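Look for chain A in each of the two complexes below; its partner is chain B in the first and chain C in the second.
What follows is the complex of A and B.
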């Protein structure tokens, strides 16, 4: 098979549309994962009877099962129980929840990294718990893990290709569809790979810079 | 509620010492089999400046940490300004109560490692608790914080963050932060131990100033013997989880009664 530039140029706009969907999934999924993961991390740290162990189990469960299996379950099994959303929404929720379990661990390390003296100073000033978390602990904990969260964003960007399996028309699914309808896979798949790289490489350089900038202050 | 075991004097001519602002009654603290405090009885009068000296591991810091509710006594009663802070029976599980939280507000603490919030400016460090604990308006809190920063000689540093300040400056901000809560009792846990030698003086000056100009009760754990001698009304020597000797600085430093105090002072004053 020889590279056909005309074909490549003709399908490029379609691939860009797929890329745009991939970017949307990544941004929305990361937002969901970042918020949910923080919530999980704090709940686990608070050691609330029943609730905290349930969250811990959920995190272990999500981390211990493949993303693809979770996506299939959400898309093909849950509708049988009346929970049904379109492929895009399901994809964002599945990947967001999946990554929230990993980000919960990242936040946990960030929270543990805040020196105990910070908690003690908050106690000595009688600061309420919500204020201690919101103004003292989390700003310091999150700051140190921003680069790690950035790495997960890049990983999610690439992992979102898995969602093509549940009919989300993102970059990978678009390339596949172009290939199967034209019996030419070389151009669409190569260009899809290059598009993934074109985003993920600069993004990982950016994360490297964040790592230097957000080095711990203590 | 104040324990009503002692009847209040009816006539003014009965001279009684004022009720202690801090009272430890049979307080023990165990870490596993290690007994850090051994059924301690200890009182501090209102306005008194007390220094606690003694070898490390003698339980001095534990007293401050129990008062600041950073640690739970294993057993015993601790009252502050007539209110019960801790009332623990051995083996009992202790919970943080509303009473404890309210009593805790009467106490402030200055830490060995300063423990300023590194992501906040000096000003923000100081106004945080007055606004969110005392319910003070932001303008008033800022005005008072500026006064306090001037008091500790850092009026020009209000917008600096801790990483931009020296250890001595950070500790002075930490003192201002504690003062902003208007505590009745201020605890100092080796406030100069983490400082470079040339920065110790500026912090001691601030503490000296407070000791001489306020009626706040001050309880200080320190290794600065000359400073303790200079500013204290009373010095307490701790060893092995118990107070071995207590008295005016002149007595403790010039004429200690206990052999343990003598050997300790000989060792620390040698250099």
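What follows is the complex of A and C.
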């Protein structure tokens, strides 16, 4: 028999612990990405000289380079300049910043989708900029992009496996460690894959339903 | 910076390996995309269900898990793949599953009248697909295909974790021998960025080349340019 059920059952609790770390990374990373992405999107829209083009370039650059290399940069380069966190924090920050670049684009499309009449009305009422953004534009812009943010959450859940390369002990790293210490890779890797699927598949069905419900009605 | 110059030939070889992996898995991705995407559209359940399961499994699990599975778990079934083969297979199948959804979506959203006209003209299903439906769907597929290809290119960096000596692998090697971390990693970041930028340019060119109505597209672009000028 190739598949060893006893072994599979014995390592399952360890994998669940790894899964919990993966979920923590995903939730914290998404939170960071959602906030930072909004920040980037607004900064780009405000067209501040020097700052906005720099943010734009940063967003494009992050989207054009691999997550793994960004993670290596944060893990190996930053400590050389005296900035060092533990692997978990570094992982969350790297994946959060990476996804913030994608979310900035999502927010941008949301902000562009707000009818120009809303801007004009805010100007006509001489609302200050902060209130125009905070009370008029963003509430309308964010509502339409919520399902898309959900898609990125699922994507991040799967992508967080990359962080195993910088010694974050999440699901993938746990499966790999079990494999190398027992010389049996089949069971841990298969179960890790099934755990990823067991969460991401229902989640993506849910997001699909949200998408249909929140679809703009014309 | 000296490490980058000293080890430039190694980095160059790594870059070539990265490009090789990207081209091979990109080709596999296209084949898988059309095979699975068309199978998914089939009205025979025996054809569409396996395609659906393939797409959901490969989209629902991490690429890294798939790559490690092919590299570490497959030997338990007596199949030992070369690292490059495992890497290309995982990348091609994973991105192919995403691209299959693109193919399916683009074809499913074609106007129904086209299919009906084909049936009225007595075209066989295969001919209908080959001469009418697929050529019409290509322009709609190109922009999302471009995104998948850029993703694929960036994900080639993961092959370094199954010991394929690509750009990232070489950079790690040079980092551990010279310790010049910053210069090395900045160099490869810029290299990856340049590659993905080139890919974006290529997709943009293809989009213009294969636009259904090139004159209409040109007019549309001119208009949007004018609007931008007006806004500024």
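We adopt the following convention: the second predicted complex is superposed on the first by the 215 of 218 C-alpha atoms of A that agree within 3 Å, B and C clash if a C-alpha of one lies under 4 Å from a C-alpha of the other, contacts with A are read in each partner's own complex, and residues count from 1 in each chain.
Here is the rule we use: contacts are C-beta pairs under 8 Å (C-beta built on N, C-alpha and C of every residue); 3 or more make two chains touch, one makes a residue touch a chain.
Everything numeric here is computed off the predicted structure, so don't read it as measured data.
When both complexes are overlaid on chain A, the residue A:164 reaches chain C alone and has no touch with chain B. By the document's definition of touching, of the two partners only chain C reaches A:189; chain B does not. In the superposed pair of complexes, A:50 makes contact with neither chain B nor chain C. In the superposed model, A:126 makes contact with chain B only, not with chain C. With both structures placed on the common chain, the touch criterion links A:2 to chain C but leaves chain B unconnected.
Comparing chain C and chain B on the residues of chain A they touch gives the larger count to C. In the superposed pair of complexes, A:73 makes contact with chain C only, with no contact to chain B.
Applying the stated contact rule after C-alpha superposition, one finds that A:204 touches chain C and leaves chain B untouched. In the superposition on chain A, the residues of chain A contacted by chain B and by chain C do not overlap at all.
Interface residues of chain B, counted against chain A in their complex, comprise 68-70, 101, 104-105, 107-109, 111, 113, 115-119, 128-129, 132-133, 163, 177-178, 181. Against chain A, the residues of chain C that register as touching in their complex are 56-57, 59-66, 68-69, 72-73, 75-77, 150, 154-158, 160-161, 168, 171-172, 175, 181-182, 185-186, 188-189, 192-193, 196-197. Those residues of chain A lying in contact with chain B across their complex are 115, 117-118, 120-121, 123-128, 131, 135-136, 139-140, 143, 217-218. Contact residues on chain A toward chain C in their complex (touch as defined above): 2, 61, 64-70, 72-73, 76-77, 80, 158-159, 161-162, 164-165, 172, 175-176, 179, 184-186, 189-190, 192-193, 196-197, 200-201, 204.
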